[in-house]
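Here subunit A shows up in two complexes: once beside subunit B, once beside subunit C.
== the complex of A and B ==
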């Protein structure tokens, strides 16, 4: 059965809205999710997990479970202690970072609920799960630290043996590094004769909630151990399994088959993967573990979770002079593969698109007895963007001016690129004016402002709010030298190979590992243009360490800006290798050969030969120039010199019912500049998905624990992902400022939407009710919170006091105090 | 163990199943119909949606024994005579899938929505798909795909079916 394809059209592939090659199998159910894999003699695993947030394990009785029908083995952490490997942190952000040892299966002590303490292997998944219920574990409960601000005090320790909850303190200071003035000076000056705004924002904890639960199948029976796993990072996993178990890397084959979403949530090497490998090797049998959704929400890493303390100084005319950022970041019980690197990735982004004179950033990463925290779509950059975009709105409110106008006064103008920021990054290109103008036009900004004014004056119970977010982000992780300077444990390059088959077909091997991004389609478009071969003739292979043996995988909006750059370079090498062969076959000088649209021609003649003909002639090897090897295949590894900096303007209109606190989204417009667009359909899809994830942070999602450290949002009943009925259709458009750092001019798009949309929504809600004395609402902005904020605001603010900043110095955050019923914050330990 | 007789994607099966076996597990494990997937354990995500006698059900919420004597259609049986169902085709054309994990359930549910209401409004589509979660697409293109499929199915049933305008529509909006 075939898809009705769009008629092939002439012209370049790049820029064309190609329908995806990936779709055919996905829309017909011909998929290869890890959980679909069944091997002869395969055993099924079930995990026994700790119900306690912090406890010592005193005894584990497995006899009853072992006697249960179908059970082959029950193994505890102690049984597996040798050779189970370690779940590693790849980025100790400081040389003295405190990093607890993270064993896949706990041996003596558990540091968060959901930690694995024993594993049942049985003939069926149902039998394994039944038997897991029969494993009897005795725990001695220990005090647990669950609140970030409590953790700072070190009164209760997440890991008593470490002596502190602080994992690391990491600082970037513009005066110290010479990229700007001293922030304390600027704040002091502004206190004398300017504006100082002090705010504290909460970045609630989120759960990536990819739709495919994680699954791992390990077959230890071959010469190479083969592991299929639902991961974004097969290459990193291979390295870390080798590095921590002592297995030779050459004996390990990792395959990421079809992977159902990740969003950073599968940018991890997980206890479940290590445990499955350990059990399979111990039993000498293929083993499969597939998590339930509840296990996924509890034990897959979470995202965000910061307290953000911000001080912004400005002149009275609205020119921002300084921004000071002090973060507390919850790592949960263990430091994940990126771990403390997540908030650090935000360090260069709090100054965003603006020309601040001074900037200071400090993050303290903290260990608590909750689920570990690591990358989630945007990883550090959404948090930064949220903070600065909220602050710019606060500044505009303080000044009584339009928020876009205040932003424009402070942002980098298009003629100022390349621009080195106060944080020390050099932005390549951009045009904030153009994106904003387009967004305002699509949004009907002025008309909406006028309507807002009318409804304010009419005391409409349903108020209109307009939210702005002008964002930038850094994509393309990452120049290896910068990673080295930051103490990251690996490089940031990407690898590609192109194999020119005798029949003229082309195989592209990429080190990226897509899980919904459409690399098979986009890479085909790029190669089709570069080599002048039909789009249909390009086959993109990925996600198997025996096929694409080198790679750094997919995350951080890196695949196109780093991975595809490697593809381009490999293609150029193919052409370079084919050129002398073409010259030889055409009996011309190499200097006279021109390559255009897939054909090597001889200048000034109509003689020529196609790439496919060269490939065939190379394969036969009958008639090659002397000394030329019979191959035009090529490899390339690309290491970027810099990051890329996409940007955009997002505008959101909401209606807030001041009587119920309910927010209804009315329109959402985003104009993104992601550089050159390879496939507009895919880019638009990435923006849609990201925007909705960001909106979900603003309105609906939040991982919450009770005072015992139990995740109370542990199923899709309580962790409320947006549904089709909650969301609206979005208006998207683009401006294009090609990156000057990449051959293709691309900038990256995977995270843009999620980075930009959260502050747009919260700014809109606050804007709707600011005249009622509200200057902030904690996320997610539930009707209850909005309603309460209105009550407090209306009671508290007398005219003229509204703009006054609630200083955090007195210990009170400028938001509604969280209720014990809906969060652990402040919960007794 | 209980013996059941069930027709799945046009093929008659007869199997012994444990009474507690869920339909989705029977489909995946006994029949190898792995196109239908599991996304949750609380019947919230809809990834497992199939048709039971032509009506959409969450197959994680139905016991295999309840399907005894009935007809099940999964995503693998939706295309007929090598022709994709218009909803499948529209999902492809409108880029209504990214990772594709929600896609089988989403397509099966969309078919059901259109069966009940061949000319739904955007709001009706959004309501109709409420029980199916997608984490990748933000639903925008899914809604568009269902609208496009609806148009195509209506014009096909009125005898003037053509894929050209549908393709064009997607092209324009891209």
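== the complex of A and C ==
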């Protein structure tokens, strides 16, 4: 389905594919990103960063840098030690979590390459960079732990003073919490008379790679310190700066102007933000820091990075009885703001849409001497969805049955909603049968299966594979009570205010912080319908703590399902406040007033008054009912009762060139159910972007470090981000099962595509070459890995061995391809 | 990132450019299209005192017909090469290779001569220039010129026969009018440097290969020409089976790099597959 903007029509705004009102200023470059902000007397900062993964700082010589032209100051961590704040972890997942102190600028020791050790402030950015090259830092290198499985052994410690690399162990068990049977019992039964599948998957490390590099401008000269920063979380930053520096929160103003993408990469409160604030305050002058792309790839937080060990038990008829999940999750050198919570967000999702009797989840989070890891589009749920959807394909292969049929045998049927899962989550609504049926139809599933069979029989060098992903996810973070129970450091509510202007125009203040999502357009559509005012009359304001003072910001597909729900409630309060004024002006009883399409009418008459007229009358205050304040403005704060559970069926066909191992996308169909759709064009954009990001994990992206802990994929030459030239046209459609937890019936859509698509692609590749003896390929599925898997598989597999359960006791993961060499010598690129 | 500061000169004639190079010696770097030099400067991997920009020398741009050769000015952009009828008619292999270079923005900035002198073995123009038997005209101090064959031009990784104080001015390509051509490039994402690529151009006579030229990209420290394969192809019918046999040894003796995109064994395997495909396509099979 290709969506184009509807011709202007009457009728409700919700459901209209409006073009985004933000886009003109964004696309024409008229907006001002943080780096465009220039203040009188502003200084520019350049960071001196550690080239070593783990080292003691023995000396820092700054004299030469200080003497460099234009330099105002060169400051080390020691210089800033007091008052530089601390980069905080807001979610200690266990009460005994081991959390290394994360100073914005290192003082004695660096724990990963790229860590800041000194800052130069100069008159120009060029002078700052020149001087930064002159800062001479002496390091004593320490042994670095880089590999997750090595880190478990605690032989080399990422932080020697902590005595262990394990930060926390977090468990969810269906027998222990009473939501299901005991997984060990189910596995034991299946070993006797059933099927046990053991698999180990690698979730490679990814880099969020947002388009706009991070940038911060701090002006400390006013009564309030003002910080412009390229962030998803201006409100959380304000709180954490206050909490860790001792500055009164009331003296801090944070502004997130237009922000060019985040994908979770900007939900961090960063060392660079804290350092810029610290230097500006120290010098009493406005300061700007904008990172280079190389700095962004190295020192912005990374995502994913897990080893996933899975044991699935099933009866011989294909009914899954249990799933046991054991994760090792790499935190990198520090525990980020959400940090260890990211894999925990996957804990409720490995069981996905299925009715497993027993379930067990354990994650061990580990510290290593690599770039820190935190949320990246999907945060925990893509990892879970990948694992379970790979396992369901493995089960189908083991049974010799169609993977959709085996899924359907195990999934929650639409008449069973609301359904409480074995992990303890209650899904409100969904229809997996309907989404799957529609996806199969759009995909031409049966015809592609027939073509696949023909190609196999003909030994075509280009084989066809079909991959399935029937996903759900939990988003709309989050009910505050649940967050409290999980030891999270904040609530999950969202705030909104509506200001009714004298001229009938409407200002909507939202606590969400858009960075590409199109909130201004969608919120305008919602408010236009709710208040009966023209779309064009609604202005959406956000991202400045002086304007939108309360909020929990934007991540976890929460803005529409939490933030817009607050907007709806504020709008309803505006109507409630306007109603007695309208009744008074119409000389009618409040009980006789009806509000429809922006007009307060008197029942049974043609008398009425518009919302704009009420707003003007309120503003003049000349003729209001006794005791009524001259304001119809309203605030609302919404705390959801539950998460939002979008779902969908994604089908992917790939062609694998068995001579080279290269995968080419042939067809991709996704039918998502995101509940009620406010703006189909925006939803389409979210699905496209998310799906491609998920495909990129399957095929192209991966952050790789060498044995010294240097990021090898430190530029876009080596971190192979796809472009539109590498993707195909996606076929998208929707089923609509409205959420029962939101007034609008919406479910989150920001991450769904990225959560769903990765396993669809890998399943398709494995499906293309499974008959050649391949049962897994490590991501990213590079041509080399695919080709080598075919070589090993074709040489080593016999008919009887295919799909046989791998046993963890053998030590190695069940990867068919040997790990390719990560060496880069001789690489001319 | 911001480069270290440097002086900038923009001569308008080759003689002025040579004089600038003579004056500044190894403190000078030549700026052609800047698609490799600028990232190097911005990442501070090099900090020349002077950058000599060749972009304002009209004599170095454009394509002309010179009897049995076409002559391409060293500062002709990829986009100009791609749009040129002389090139597509008489050296279609070069057109096809240039069409695969990076993306349109880079093709409008990057130049043929700049890429050849930069001599990245993963670059896409070395192999076709080698396969087409081009001659490269190099101007030296005082303005005298010498001609280097493509076989002698590429010396090592990022090293060519163009010496200090010299400039590549022209690429002279013998006309291969009527030859079939194909550039088979293997990448993971479209804008990437070649993992391996094969440049093949073939003159066919009634379904039989009469002459063949084959160049390899990123199979060693320089672009390589597969002479033994060229010889083995002569007289072969343009069939999958015949060509498969003739190109089977194409990777013998090569020493390609190992990196995240593949180890050297995989690259050697790729070279045989890609050469077969390139020759088949060039032969119109």
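As a convention for this text, the second predicted complex is superposed on the first by the 808 of 829 C-alpha atoms of A that agree within 3 Å, B and C clash if a C-alpha of one lies under 4 Å from a C-alpha of the other, contacts with A are read in each partner's own complex, and residues count from 1 in each chain.
Here, a contact is a pair of C-beta atoms (placed from the backbone, for glycine too) under 8 Å apart; a residue touches a chain by one contact, two chains touch by 3 or more.
Note that the structure is a prediction, hence the values are computed from the model and not measured.
Enquirer: In the superposed arrangement, does A:30 touch subunit B (first), subunit C (second), both or neither?
Expert: After superposition on chain A, A:30 lies in contact with subunit B alone.
Enquirer: For A:788, using the defined touch cut-off, is the partner it touches subunit B, subunit C, both, or neither? Pick first, second, both or neither.
Expert: After superposing on A, A:788 lies in contact with subunit C but is clear of subunit B.
Enquirer: May I ask you to name which of subunit B and subunit C touches more residues of subunit A?
Expert: Counted on subunit A, the partner with more touching residues turns out to be B.
Enquirer: With the two structures laid over each other on chain A, which partner does A:322 touch: subunit B (first), subunit C (second), both, or neither?
Expert: Once the two structures are laid over each other on A, A:322 reaches no partner at all.
Enquirer: Quick check for you: in the superposed arrangement, does A:261 touch first (subunit B), second (subunit C), both or neither?
Expert: A:261 contacts subunit B only, not subunit C.
Enquirer: Which partner does A:492 reach: the first (subunit B), the second (subunit C), both, or neither?
Expert: Neither subunit B nor subunit C is touched by A:492.
Enquirer: Using the touch definition from the top, say if A:713 reaches subunit B (first), subunit C (second), both or neither.
Expert: A:713: touches subunit C, not subunit B.
Enquirer: Taking the superposition as given, does A:378 touch the first partner, subunit B, the second, subunit C, both, or neither?
Expert: neither
Enquirer: By the touch definition above, which subunit A residues appear in both interfaces, subunit B in one complex and subunit C in the other?
Expert: 126, 292, 294, 717, 721-723, 725
Enquirer: Where on subunit B is subunit A touching in the complex?
Expert: Subunit B residues touching subunit A: 18, 20, 25, 28, 33-42, 44-45, 47, 74-76, 78-79, 82-84, 88-89, 91-93, 95, 97-104, 107, 122, 125-127, 129-144, 163, 167, 170-171, 174.
Enquirer: Looking at the complex, which residues from subunit C come into contact with subunit A?
Expert: 1-2, 4-5, 43-44, 103, 120-122, 157-158, 186, 188-193, 195, 218, 221, 256-264, 266, 269-270, 273-274
Enquirer: Any idea which subunit A residues touch subunit C in the complex?
Expert: 125-126, 129-130, 133, 292, 294, 659-660, 662, 699-700, 702, 704, 712-713, 717-718, 720-723, 725-726, 782-784, 787-788, 820-829
Enquirer: Can you name the residues of subunit A that touch subunit B in the complex?
Expert: Residue positions touching the partner: 1-4, 6, 17, 19-20, 22-24, 26-31, 33, 35-36, 126, 209-213, 258-261, 263, 292-294, 515-518, 680-682, 684-686, 688-693, 715-717, 721-725, 727, 729-730, 753.
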